[in-house]
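Here the chain labels run A, B and C in written order, and each chain numbers its own residues starting at 1.
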């Protein structure tokens, strides 16, 4: 195995380790949430899904998507393929996290609001993010030349990032409401300490999971790029 | 600056001349708009929902989809003629290339809208003469938003497989904010409210336009220069 | 006229060009040969300013070639596989458009003169697709020369031309070399443009395997070519 290929392999291994840690962390948080955190007064046990939903939303919106966009912009400046690889990996993981948000959202909403989907501002924004990321992946899959793929992904990422605040504002306008800040906390103004702690652990686990999955995705892409370069010779 | 505009006009002129010779974009988009309006008409129950309530949505959905169709040709015409290199070789600032395409696309879409709007009024039997000024202004501003993003995306998708399918997939999320704003502005106008009441919406549309035209100008060289 | 130093074009592990140097003064003609995938088109497109090198620079007429280097671009003409002509515009319209892009005075007059120089004056109102391959080539040449570029780049210009058209092209190029023009001709067969060349280069895997003044004997050169390029 060449030096570069073994580099790819070690990245993949690191990715698997971190992902496993992250998944264990998420499982631990779920246990914590179900058995050791008080039940929320007005929403009942259904609220517990919040400890998965909010960390996923936070990680997707504030870490994964900006990482993709900024890595892309850096690529346009530095032309380093590693930046593109990272942006693509982050985008894939963002897609997964968005899906988690979009699935847990309705599960949370149904017992509380009586409807699966209420066009809630934050969920709608996540829906848009999901489609932007889907478009990003679809476009990448349709471009064969890696240099073009990297450039176009960077452009799409930058434009998507600027779009997000416009979506946020126009969705709230559409509902006739004032824009709410997208905060960690749900509609109630303050969280009792045990719930806050569980939430923070949840976010920590989600971040570790994100880093693990991105590392894994990066490693897999690196291995594939090396294979393609070897085939081209 | 003067040279930039001169070149943009030369480029847009070329595209307009090409389009007038082949008429593919404008005719397909106009026919499409007419068909969508007809389908909408048959897809509703006139006794259940008042026309005036549905009207702005119908109009804007039609315009949105017809715009995507009109912009589809975009840079495809350069690829088909294998002429894009000629534009890049020349001492033409990349911003001028974008502006030229933007102007041409804008002209195409406005032409389609000019055909769709009278049809809309006809099919839906609406009296919107009082709202015409405000409506036209809204259409122009929203169209600028659609075209600002559509132009740069069409430069990208022309190099992908399934170019014509890729454009709507990438573009539609970007069309939603101007769409929401356009509908939000049209509803009061249709109901006879004065223009002064919808000024905020128009201002927001203008902000969207300025932001995305600027962004597209900044990013366009990264798309076309290899 | 054109000076390229250390031209490199790479992405990750793939190297299309690696440290290519090249200098041409007005009147010189460089022939570029090499096996498929050697980087000949990449080199030509980089010299034309259509590709940005990962490293190295291209200077044309003393100006650094960059997207906004308008004077440098004005000095470059390209004849490539693509005709760069619009099928739905007449030859005259195509050339007037090009003249306007290059901000030339009297676009219509220049265009008619450029067409006449290629013997296409009577076809000015025709569209490219109604012309034969040889005539299309001549229309493309008219377009490439309309702004009187000091550097002319040609990408396999003899492909698809019959013997008569090929001779005509050779004569045309020969008539342009005496003056102030420098040329780079990418070709598959050295014999196609041997008489025109003043320098010859063989590109293999992105690098010069051979580069220098044109040798006296074509057969001798073919021999050396086979040594470096094949196997």
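As a convention for this text, a contact is a pair of C-beta atoms (placed from the backbone, for glycine too) under 8 Å apart; a residue touches a chain by one contact, two chains touch by 3 or more.
Since the structure is predicted, the reported quantities are computational estimates derived from the model, not experimental observations.
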item: Centroid comparison with chain C (C-alpha atoms), farthest chain; value: A
item: Middle chain, criterion being Cα centroid separation; value: B
item: Centre-of-Cα separation between chain C and chain A, whole angstrom; value: 49
item: Chain centre separation in whole Å, for chain C relative to chain B (CA means); value: 39
item: Inter-chain centre distance, chain A versus chain B - centres from mean C-alpha coordinates, in Å; value: 32
item: Residues of chain A touching at least two other chains; value: 147
item: Touching two or more other chains - residue numbers and ranges from chain B; value: 226
item: Junction residues of chain C - those touching two or more other chains; value: none
item: Chain B to chain C touching residues, read off their complex; value: 3, 7, 10, 14, 17-18, 21-22, 77, 80-83, 85-94, 221, 225-226
item: Chain C residues within the chain B interface of the complex; value: 45, 48-52, 67-68, 70-71, 73-74, 76, 78, 80-89, 93, 97-98, 100-103, 143
item: Chain A-touching residues of chain B, taken from the complex the two chains share; value: 149, 152, 156-157, 159-162, 166, 169-170, 172-174, 176-177, 180-181, 184, 204, 208, 211-212, 215-216, 219, 222-223, 226
item: Contact footprint of chain B on chain A as seen in their complex; value: 76, 128, 131-132, 134-135, 138-139, 142-143, 145, 147-148, 151-152, 154-156, 158-160, 162-163, 166-167, 169-171, 173-174
item: Touching residues on chain C, where the partner in the complex is chain A; value: 11-14, 54
